[in-house]
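Same chain, two partners: chain A is paired with chain B first, then with chain C.
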Partner chain A sequence: MLLLMVGLLSLLQAPWVYAGDEERKLEAVFIGRFASYIDWPDKDRERERFVITLLDDNPFGKLLDDLYRDKRIHNKPIELRYANKLEQVGETDVLFITLRNAAARLAATEFAHKNGILTISEAKGFAESGGIIQLDFVEQKTRIKINHAAAVKSGLKIGAPLLSIATVLRGDKP
Partner chain B sequence: MKHFCCALLPLAIGTAFAADKTIQETNDYYSRPLDQLLQIETQAKAAVGSRGGERDALDAEVPIDIITSAQLQSTGQTELIRALAVLVPGFNAPRPSIADGTDHAPPFTLRGLNPDQVLVLINGKRLHQSSLLHNNGTVGRGSSGVDLNTISLRAIERVEVLRDGAAAQYGSDAIAGIINIILKGYGQSSQATVSYGRTRAGDGINKQVSVFHTLPLAGDGFVNLTAEWRDRGPSNRAGPDAYDGGRRNTHFGDADTQDGLFVLNAELPRGDTTLYAHGLYDKRRSSAGAFYRRADDERNLSTIYPNGFLPLIEPKILDFSMTGGARGILDSGTRWDVSYTHGHNDYHFYVNDSLNTSLGSATPTSFDSGATRYTQQILNLDLSRKIGRHTLSGGYEFRQEHYRIDKGDAASYMLGAENNYAYGAQGFPGFSPENEVSAKRQAHSLYGDLKYSVSDRLMLDSAARAEHYSDFGSALNGKLALRYRATEDLLFRTSASTGFRAPSLSQSHFSSTGTYRNSNDAAAQFWGNYAVDHPVARALGATDLKPEKSRHFTLGLVYQPAAQLTASADVFVTDIEDRIMPTGYIAGYSLSSLSSQAAAVLAQNNIDGAVYFTNAIGTRTRGFDLRLDYKHDLGNGAKLKFVGAYQRSKTNINTINQAPAVLGVNMTDLILDPFTKVMMEGGQPIDAIKLWSKYSTRDYDVVVNLNRFGKFSSVQAYDKVTFSARWTVDGELAYRVAKDVTLALGGVNLFNVKPEKWGNTDDSLVGLGKVIQYSQYAPFGYNGSYYYLRLAVDF
Partner chain C sequence: MFDRISIRYKLIVLLGLSAWLALVISSLIAIYSTYLSESKSSLRVLHQLTDVISENMRAALAFSDADSANAMLASLHADPHILLAVVSDESGKLLAEYRSAGLPTSSEQAFKEALQASIRKDAGILGSPLGFVERIDNDSMLVLRPIFFENKPIGTLAIISDTELMWAKIREFVLVQIAASVLTLVLLLFLSLKLQALFTRPIMSLIATMQEVAQTKNYRAVLTSNRRDEFKSLYDVFNAMLADIHERDDRLSKLATTDALTGLANRHHAMEIMRTMLTRALRKGEPIGIIMLDLDFFKKVNDLYGHPVGDLVLQETARVLLDSAREYDLVARLGGEEFLVICDCGTLDACIAVAERIRLGLEGRSIEYQPGHSLNVTVSLGVYSSEKRPGEPIETMIAAADEALYRAKAAGRNCYIVA
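Here is the complex of A and B:
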């Protein structure tokens, strides 16, 4: 009976990112790796944990929890939070946005600017409309677009190694 | 219960193990430098078969192959139809020759089924078919298909090939599968390409120049423009004519074809709404020979052509389509997409270096033989909404089609007084006023699709589509598909569906008749193809065509033990009822048991014999597909990629409809002459192997492509002739001369393999050592080796 229960649980339990879902794995990795190249100069932000918040749908299943369980960013352990609405986003260092509506994304980026939060999304036009890092997948390769002005506006400094591999928007032009 | 538990245990263990593997791989990525992460190739996406947007091709509930632009380019081909024939198992595109219009817009088949049983989409929107009806003895005989060569290769980002019936989602034609061509979109770089190639024999010179230019717009919008000029010179593998002093007087090979192509793809995002447009334009001139008329041929006038003549069929083809639309997302989360598509094909026949023998010395030598035209307009609304883990989609489509035949000039079709039999333009007699037609129809469609996610592992997809056509009535089709991810590595998929193909307007309304005069006849005699609604065809039993109806079943699995390795296997069965075919020649001397009533109809109308389209037979196509994809990062920027595929399919005739009672013959005698039966059941390769591999470094790429084209059959003098399978090897070396400049040197069919020749025959033209030595059904043509150079500059 125990075997049966284990089997049924394995059949119905939410996984997941399956083995070949490279996009999802790379997105999960990039969230933390990007953060490691960002400098948050605001000393008032000192928190014991480095906080990453997902806003709206969670496409990663348990992958982020599994990946970041034993990781540290800026020498801090990582706390993952999941929010369905902007109002649920509290203090956070990184906001990964999966909102589908442009207006909702804009509200989230404005919130992030005011609170010195790194915003990341794969929504088209995200960087141009005030988001800081946009992930694109073009012909099965990852591309990074960074709105440097938005980062400055949020009080963030982006390290040169990250800028060197990205398309950098200064103002609203690439 | 014990057995059930035992069965579940490995799955549970497998799941836990696979989950660990995903975490290990993700952890591995986490430790890599950023620039290396950007080089990791992500999984292929596919939009076809889903109204909920793109999803991973390997995670789909139906088998989908993705052909990338890099693969297309590495074939060395400049025409899409030939590139796909190299890369897609089960996609067959022989090189027709001496087949009238078909030489200039060659047909293709998928899984051995006809060109009009494959739906072609551009960015997910239906592409119109050609107005040309393949009316000679080529593959796809009796059908009108999409002319894939009207699409510039350089404008394509990827080609999605859905290997399943999908008429319940997309409507008519999606029986053998769907080819969805995705044009280059966001994030591309501009590129200019020049290429030059020729066959080992020195002919078939192919020159191509293209420019792809991308203009980024605000909000990650873009305007992408592709302009291409393509000049494919003729090849000729005709043998010497022993009856003409050993001269090589015939053209048997590729037509001499020039294409000017233009492609637009644009998106303009505005908040949650994106305006989009895409368009194709192709203007083609082409030239190929008909059969040679020797000097002593009764159809020749030696005063004009003392040594005989080769009539040249030289059509001008104009093909364009344009789609404009908008899509977006509402605050409620509902996605919407509204679009309008206008497509048009104008196939205008011209015949040069010819004559109308019956006009005597007054004959012109150039003719306008008339045209076929086809226009399609589509208005479409799609809605889609995610409800929890489920997706509900639906929509409405209105389609209007217009098919026309325009007559040629009088000399192209008339029977003059100088010869009783050789009427019209030799090579391709023109359409006469009696053949002119302007036929329209409208179709309304309502459809819905529910993807029900029972769990993250188990997905159920159901679809239904109701259509009403103004000519034949209604059709209702459904589909049920199931995808079960047993473990992270292993996916099972199955689908069952019904489908249909509306009779094309060309099949219902095509008409091409000729005349001759017996010396004792008071009136001229007619013969040829009659539309099904022509009074003569009606009197001979023709009825309005019914749609072809199909049933589909697929069952397969995908095994992906690592992100670098994927294997899949799928079996399929496709049953088609009421397949539409042209009858044999209905005449007293060709059908010995033709009823006296039918003979009287022919006699009363001064008709020698007639052909019309009818719902004739049912077939079952069975087969399976195997695929293996492997990629390996060798370090220091070196990579290896391998795609292997095997496909096997066999079509059998399993039902034969009743012939019209008025004819007094059975359908086998009426339709299934030995040639037709063999072409239907064995005229295409029974199997195919494709082994494509690419080794890449920072400086160069090496591509090797190994193909096996399975055996196929044809008929000579009522006897079946089987041609053995052949292996070919293609190769390309692409060297990056500078950061943005790549020079490629390659060869197609490097070892100059030729298809098996016809054996000894009694035929005066076809046979070993004769004018036509190769079967035109040979799946890789008969040109032999082809070598090319290509220079690409990014800017």
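Here is the complex of A and C:
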């Protein structure tokens, strides 16, 4: 009986789980694709590898490793790093932030501004609070919000095609 | 049927028809060429549109942004000829589409099915960044191209347009061609009307001359031309033929009217001329004279000297007659040794004078029939003049002259007797 209930519960949860997986996959793909539309300051281009760092939880599991193994961004091999704390984030090109704490996120974005790092998060209000790219999935549709001022502050240039499909914040307001 | 039409109209028809046929063929080639260039041009425009949109669509497709993709495609409504535009991701799933308000659902469905089929069928072509699929038929044309991101295909963009603009241009061109053809045809007919004269004028001139010759029997006619072409040869041949006919006509006429031995008029011709002379004499109220003459003992000449000498005697006699008669008198040989002189305005005195000149002339003429040997002949003459008996028929006059001749013979020959 218990097994049956667990089975039914699993079936009921399956669509949500599937949708979540799809979103995660898209999110994982988008991280690399965002990078294609971003120009970093020249000094940061001297690194031999393109570094993507996840700060705090890793919602992707092995997905990122599978996806970016043997791939290249800006003609560089990709290195994935996983950090639990901001202090563990070293030199990186992209910082995907999953921090739940707003203050911690703010600190991370401040760090990113100083070091010319592209910040991405799906946390609500991320772009308004200084993050560069905020990803939202609403009814299985992607919403991209870009804080252009934050990108400029970080010394990053965002390509017009990406801006053309995103909701762009000029300052703190869209 | 065609044989009944005159050469003139045949030439007009042939010249006009040939030129018109050439024009129609060139027009058809021009129309087909225009169709090819217009279809290429229309597809090129659609390619350009697809290129621009696919460039902008890359980011939307990369981030599965259906709203942005739809917004980009929505701008296509500015072109009323775009029927359908479809953006699909790499799995063939529809991301965004634009559908013209005027596109029937059934057509939309058919287009989409054809698109899906093409994406599957042409997957190899669409796997290349420069690959594309284009199709054009009577009502629509399609350009389908892949969208690449970081050297990987992430989807496709297809734009389907109607072909109204292309057909409108072709229709316009065809109308211009038809108008030009009609105008040219009229000009060609006018031109062929003029050009045919180059060929028909010499022929018509030849025909007119031939008709004139046939009517007037004037074989001295000569066709002149400054041409240097085949008509010049035709004219020359025709002139040569006329000259031949004229020469043959003369020869035949001479054979028919003259005596072959003496060259004098023969009996038949003498009778014809005599009737004419009599008619004229009656009209003018003038007399006409007839002198019938016959060589004396001519049979003996033939018997003694042979016929060649006899012929020589006859020829010499003819010369004496021509010398003795007046310029406007007619001298004829009636046959054998019989001769006739018809004296125009022949009063009896004039006739007697002529007759006496003949008699004396012949009497005094030594006819050398071989070197060192000659002979003399005499002649008897019967003289008639209508001076005192105008209006008598020819037969009566001849009979009278003949009867006088008979009497001259009876009177001892070498003399003349007046009838």
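Simple rule for what comes next: the second predicted complex is superposed on the first by the 152 of 174 C-alpha atoms of A that agree within 3 Å, B and C clash if a C-alpha of one lies under 4 Å from a C-alpha of the other, contacts with A are read in each partner's own complex, and residues count from 1 in each chain.
Going forward, contacts are C-beta pairs under 8 Å (C-beta built on N, C-alpha and C of every residue); 3 or more make two chains touch, one makes a residue touch a chain.
Computed from a predicted model, the values in this text were never measured in an experiment.
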Q. Counting only touches as set out at the top, which of chain B and chain C does A:Thr142 meet: first, second, both, neither?
A. both
Q: For A:Pro161, select first, second, both or neither according to whether it touches chain B, chain C, the two together, or no partner.
A: both
Q.
By the touch definition at the top of the document, which applies to A:Ala151: first (chain B), second (chain C), both, or neither?
A. neither
**Q.** Touch count on chain A, higher of chain B and chain C
**A.** B
Q) Given the touch rule stated above, what does A:Ala102 touch, chain B (first), chain C (second), both, or neither? A) first
(Q) Contact-wise, after the overlay, does A:Ala28 reach chain B, chain C, both or neither (first, second, both, neither)? (A) first
Q.
Going by the contact rule set out at the top, does A:Gly125 touch chain B (first), chain C (second), both, or neither?
A. first
Q) Between chain B and chain C, which residues of chain A are contacted by each of them? A) 26, 30, 32-33, 141-142, 144, 161-162, 165
Q. Which of the residues in chain A end up touching chain C in this complex?
A. 26, 30, 32-33, 36-37, 141-142, 144, 159, 161-162, 164-165
Q. Which residues of chain A touch chain B in the complex?
A. 1, 3-4, 6-23, 25-26, 28-30, 32-33, 61, 63, 66-67, 71, 100-103, 124-125, 128-129, 136-144, 161-162, 165, 172, 174
Q. Any idea which chain B residues touch chain A in the complex?
A. 1, 4-9, 11-12, 15-16, 18-19, 21-23, 25-27, 29-30, 34-35, 37-45, 56, 58-59, 68-69, 157-158, 186-188, 216, 218-220, 269, 271-272, 329, 331, 333, 455-458, 485, 488-489, 491, 560-563, 566
Q: Give every residue of chain C touching chain A within the complex, in rising order.
A: 55-56, 58-60, 62-68, 149-150
